[in-house]
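In what follows, chain A forms one complex with chain B and a second complex with chain C.
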Partner chain A sequence: MSMWSQETQNRAKEIISRYPEKRSAVMPLLYLAMAEEGHLTDEGMEEVADWVDLTPAQVRSVASFYTMYKRERTGQYLVSCCTSISCMLLGGDDVLHAIEDESGVPHGETDAEGLLSVEHVECIGACGGAVAVQVNYELIEGVTPEKARELVRWLKKARPESVNTDEMQELFGGVKSFDWGIKEEDAAVGPYPAFQPLGTIKSAGDS
Partner chain B sequence: MSEPVTIKVDGKEFEVRPGELLIKAAEDHGTYIPRFCWHNRMKPVGMCRMCLVEVDTGRGPMMVTACTNEVVDGMTVDTQNEAVQKAQEAVLEFLLANHPLDCPVCDKGGECPLQDQAMAYGPGESRFVEIKRTFEKPIPISELVLLDRERCILCARCTRFSEEISGDPLIEFQDRGNKTEVNTFPDHPFSSYFSGNTVQICPVGALTAKPYRFRARPWDLHMVESSSFFDTAHPRLSIHVSQNEILRLVGIDSEPVNHSWLSDKDRFGFEHVRSENRLDTPLVRRGGELEPVSWSEALDMVGNRLGLIVEESGGDSIAVIGGASGTNEDAYALSRFARTVLQTNNVDATMGEGPSAHFLAASIDRGLIADVDDADTVLVWGPDLKETHPTLYLRVRRAAQELGVNLVVIHPRVTGLDDRATATLRYRPGGGHELLSDLSDGSHEQVTSLISGKVVAIVGQASLADDPGLAESVAAFVREKAGTPRIIPLANRANIYGALDMGLAPDLLPGRVAYGPEAAPEPWGEIPAKRGLDTPGMLDALSEEKIRAVLLVGADPVGNSHEPELASDALDLAEYVVSIDTFLNDSNHYADVILPAAGFSEKDGTITNLEGRVQKVNKIIPAPGQGRPDWSILDDLSTVMGKSMGLGSPETIAKEVAAVAPAYQGISWDLLEWDARDGAVVPLDGEQPLTHIPVRAKGTKAPSAELLLHQGRVMYDDGVRLRNCHYLSRLAPGPVAHIHPDEAKRLGAREGVAVRVVTSKGEGEFAARIDEGTPEGVVFVPLHQPGAARLGTDPVVRVTVVT
Partner chain C sequence: MTTPLIVTKRMVDHPADSHTIERYESTGGYAQAKRAVGMTRDELVETVKTSGLLGRGGAAFSAGLKWSFLAPARPAYLVVNADESEPGTFKDRQLLERDPHQMLEGIIITSIANEVHHAFIYIRGEYPKPARRVQAAVDAAYEKGYLGKGIFGTDYDLEVTVHLGGGAYICGEETALINSLEGKRGEPRLKPPYFPAAKGLYMLPTIVNNVETVSNLPHILSMGAEKYTKVAHESDTGTFLMSLSGHVNKPGNYELAHGITWRELIFDIGGGIPDGKALKAWIPGGASAPWFVPEEHLDLEITKDATAAAGSMLGSGAVIVMDETTCMVRAAERIVRFFSHESCGQCTPCREGTTWLEMILRRIEEGQGRAVDLELAIGVSDGISIDLAWPPKMTTICPLGPSAVSPIIALRDYFRDEVDAHIEAGRCPL
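Coming up: the complex of A and B.
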């Protein structure tokens, strides 16, 4: 018997139907399990195992390999600061410290309220726009320590239901690596990446 | 077959099969390339890099892993030049960066590939000064296996075994990078029937077996080759002994049989051998109590009494039950003793279970285990192989999973092979014959169409509710469909195939010969003409007081029976009961004399497995106390009774068998010890002295009750040997009843609650197991469980929740 909501179960079925083999759906389903409970629990992994015909040990093997599967309680906003080479050279560590200081949350942890989680990450592919920061995997480039503090204050105060890369770039970003010229409409409902089949997205049209 | 290719390894040229892995090709021609992760019986992964060699295929020398690269024509390989040595040193330096140097307290010390190869190929010193990683140690990953994670070198042998070979991937790598470890999921132990194999293949001391941990150093062990007595495929193994005690069994890679794998029952079941419950002295019942006596006293008593009964009432008044637990030599001695000394044909090693003796011993088109490898289709219509025939299970699983063989599984509930089956069919307990006639009438076309080409049919009794003749009918059906299929008829019980080959059935004589007074082997002289009784027949005759004396040889009709009262009432009526056994059993309650027998590892001889393969088993420890092999007890009895068989030794018996038993001509201990180390399939020339053509029987229909009982054997039960194993005895599921979730809802049962199961022949309380593998309308109860009530064979059943 599934412990998931009907909606999540429907999503799971839909995702599995896209693959010739059930086990191929293990990764998206791990996100579903995460979204269902806020983070990945043992029960969530067992549920995924049931859906894709793997053993829980195999599912946990996948889940524990990737850092984006959070097996600990994670805040509504996951703030990730890049400290890999490009960002480090342009002050990534200072930005990280600013975030930690302003939020009171050391990296790798979550505040008591469950609002903010802070982490430092390896290169997130925005080296041209260093220092890069993500909130719920929505990117902000050219971030300075001051702007990072503003970002944290904004998250705490405004508590947006979803976050959008363009909006945050406008408010807290600096030089961008590349401008596609297309407005990004979708916003992420965290702390997961915005992805339509997972239901972790808020589109412009949604009310 | 494609043309061989020529490769040059370290300057030596040789021809090899194209497509072969370099590491294997080199080894087969005498060049050992060091390795950790590669294993001959599993797919390569290239995890450890220890097998780096320099290869030139015309594009200049390149460093590659020998375990993942196939040979190609003209390849030159250097396995020990300077560059290779440097690479090997680097690999070892890295492997030892985290591996503890605790060899003096590690079970693997002295036989450790890492220890050995660090000596042979390592740099001798490490540049790493960092602190090594540590873990809580050891953690139990199952009831039998412990894991010391800091020793693990992440070769993935154990995890691949569990996924590729045994099909229960309950261990996997967890986490990543420097934190990677092997582990189970929390509260999902590695409860595989095959877990011990991971201990055997782990190239370091990370995985250890509880029964062996800290018991011995490898250089203190004596060893001898033998075969397991549990699985009727008789997987080959090596017995490791110290100070007259077996400490462990290690699987031997026998190509035709077990590819080095052993089930945990075959691997750890040796614990019963030194159980304190072993019989170690002859016992005589006096005033209701069993008292120890000397052998000469016991043999005189038994011989005189049996002699008197034969004289007064003739051989027909004697029953001989059992004989499947010993060697072929023991069985031959018993067969001859019964016919010539006791003058009776009432002999039966099958105990009245499973297919008929003729079908088991002499079925035409008898298949080999290895036949499943290149079959088009394997049909399994019999017990759940994973539970009852683990060696065959692994072989069939591999055929379906790795070799592209079609697999059809027909069984009343889900089996261990279903996840790899091309097609599965279920039937109601007792409804096998109905399904069979539907199949021959053309239903389930999709399934039956698979039964063509080269077919191997593995047949046996799937459910206690099945008519025992069903297996033979299935074989007949497959022969109609597929011409000349290979048929492997299944039975349980140690050396049952050997016992039947030695004539331990009322209608058989040694060497697969149909019984007849004129067919008696020459040294036997005259044998009784009257047809003998099988086990149920003998029990009936006992109840009618037509039989006066019973000789039980490793047999427990009461413990075995599904209606134990019938068997115990029958034995109670016997005037004289003699039992030759290794343990006291339920039937021995009625025994007047009990004689202690030697068992596994305590005697030399041969045994014959389910494909008719004869293998040599060896003695390495003495039997406890005064225990003796069956043959020598019987030989002495024959002397007391004035009809000395003069058997001499097991080897002279083996010679007599080869001389008088047609199917065993040419089989000698010499052959099995030298030229045929993997055993020899009898008859050596393929000419079957007796060929039994499977007959299609009518059979009955499944009763139309709403709920039917399916009883089948499982791996761990209350068998007397298992009961006396410290570790394995805890693994039996006990009295449980498997019910489908919807069925459970209807009954109001939840997981673990007590349910009362009632049949026409018995009733008892069982713990409910909610199980999607058991169809609705069926209750599955594992057979012979400790503390479980016997329910008889009638499948009509009522189940209620105990409130």
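Coming up: the complex of A and C.
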């Protein structure tokens, strides 16, 4: 008996059908499990194990290998600041400290309310737009410590239901790695990648 | 000499909507895929061999040769490596976001050449926007009948699955990527076989090609393999995307033909160092590459061979520029920290060695360093990468461990005084 909503179960079936072997669906299903519960729980991993005919221990061994499967309570907004070499050269550590200071959340932790999680991350492929910050993996490039503080205040005050990369770039960003072209409507609803096949995506226009 | 743009031309000409199928088709898109369905495997493999196209993921291996290794068992698979994670590298992100159909057309060509009927695009998990753009392109191509059952009205079936990674640099290593796609921990496989073309995904023949590599294929077919070889400098072929970051006035991705000098790249194309500061060092090919310094390397030509002869590599094309204010101990620590964090943990020299290197560098930077620390770090490095040779002599399953020693070599060869100054002062003097 699945603990997932009917919609998530349908999506799980659809995802499994995209692969020649069931086990290959483990990673997308782990994201589904996160979307169901906000982070990856023991029960979520057991559910995934049932879907792909693995043991819960096997699923845990996969989940624990990758940084994006959050096995601890994670905030509605996961704020990730890059401090790898290119961002470090342009002040990544200062941006991280600004985020920690303004939010009161040290890296690797989540606030009491469950609103914000803060982490420093290794290179996220936005080096031409250093310093790079992501909120729920939606990118903002060219962030300064001051803009980072504004971002944290905005998340706390406005509490947007979903976050859109173009909107955040306009409000809090600066130099970009390249021309982004036309804006997109897609937005992220939680601390996992916003991607259509996972059903973790929302249009910024929706309320 | 201006470089003719190949893979970035459409996004430069049509900055707003280069990612849409309408724009792609109105600028000649999918014509070569339609041609390729009528071609044989031999013709296509020969064409790509003749073009001299080298893998753009970092290893610079001949794409045509890789294809020719495909074992006879079937089904065969194609996996496009879009797990771009080498610090300093952001060129595939631009290709994925701004011209996904170009890559899809390359996927169709690669699939036909390798008798593949199911291709996967493995995109790093931190790239949800590129993944959305690619999925939208895949959906549009299915709708047009360019993907799916009977592509272009022929009896050739081709399914494409977009797969998101989970945040692990090591999955860029092709056998780790395959394990990850099988739903396992992303640990590189023991070699041999050296190429997944022998045994890859589900132990079946698998071609793994980088995004930029695949994106070049429609152009090789349209301009002809011979002409493609002439685009570039005599020792290389085609163009090459370089990601410029760090202390430069004009960071970004630049499509270049090899053969300009580092001075031209950093000071002309990159606009020089902000605030007129002096150049201290740069990393020529991603965080794995041994560093270059102006006194020795500024007027070298940017070619694969010249860079290798000087003891480094062009790798993923990521150039990270550091000005005179940069603390070299801190920069080295940051790169070593990366490899320590990303080590998969299978091989002892890498798992333990990178951890020790990170701790040694951190204590030097924080003023707790001891006089023996640089020698200690060199000794640890030697345990990961014997004699600190270039290219490395392997003690590990994959090159991640040996990559971590590049900054230590730089400290030893060029910045020993700066390390000593940290230790003597008991703090970072910069």
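The definition used in the following text is that the second predicted complex is superposed on the first by the 203 of 207 C-alpha atoms of A that agree within 3 Å, B and C clash if a C-alpha of one lies under 4 Å from a C-alpha of the other, contacts with A are read in each partner's own complex, and residues count from 1 in each chain.
One rule holds for everything that comes next: a contact is a pair of C-beta atoms (placed from the backbone, for glycine too) under 8 Å apart; a residue touches a chain by one contact, two chains touch by 3 or more.
The model shown is predicted, which means the values in this text are computed figures rather than measured ones.
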Which of chain B and chain C A:203 touches, first, second, both or neither: neither
Contacts of A:65 with chain B and chain C, given as first, second, both or neither: both
Contacts of A:55 with chain B and chain C, given as first, second, both or neither: first
First, second, both or neither for A:5, with chain B first and chain C second: neither
Which partner, chain B or chain C, touches more chain A residues: C
Which of chain B and chain C A:45 touches, first, second, both or neither: first
Doubly contacted residues of chain A, that is, touched by chain B and again by chain C: 54, 61, 65
Of chain B, residues touching chain A in the complex: 168-176, 183-188
Touch list for chain C against partner chain A, complex: 11, 15-19, 75, 84-90, 92-94, 97-98, 118, 124-129, 131-132, 135, 161-169, 180-187, 202, 243-247, 251-253, 283, 287, 318, 320, 322, 326, 330-331, 334-335, 338, 341-342, 344
Of all residues in chain A, those that touch chain C in their complex: 18-21, 23-28, 30-31, 52, 54, 61-62, 65-69, 83-86, 88-90, 121-130, 134, 137-139, 165, 175, 177-182, 184, 186, 188, 193-198, 201
Partner chain B, residues of chain A touching it in the complex: 42, 45-46, 54-61, 64-65
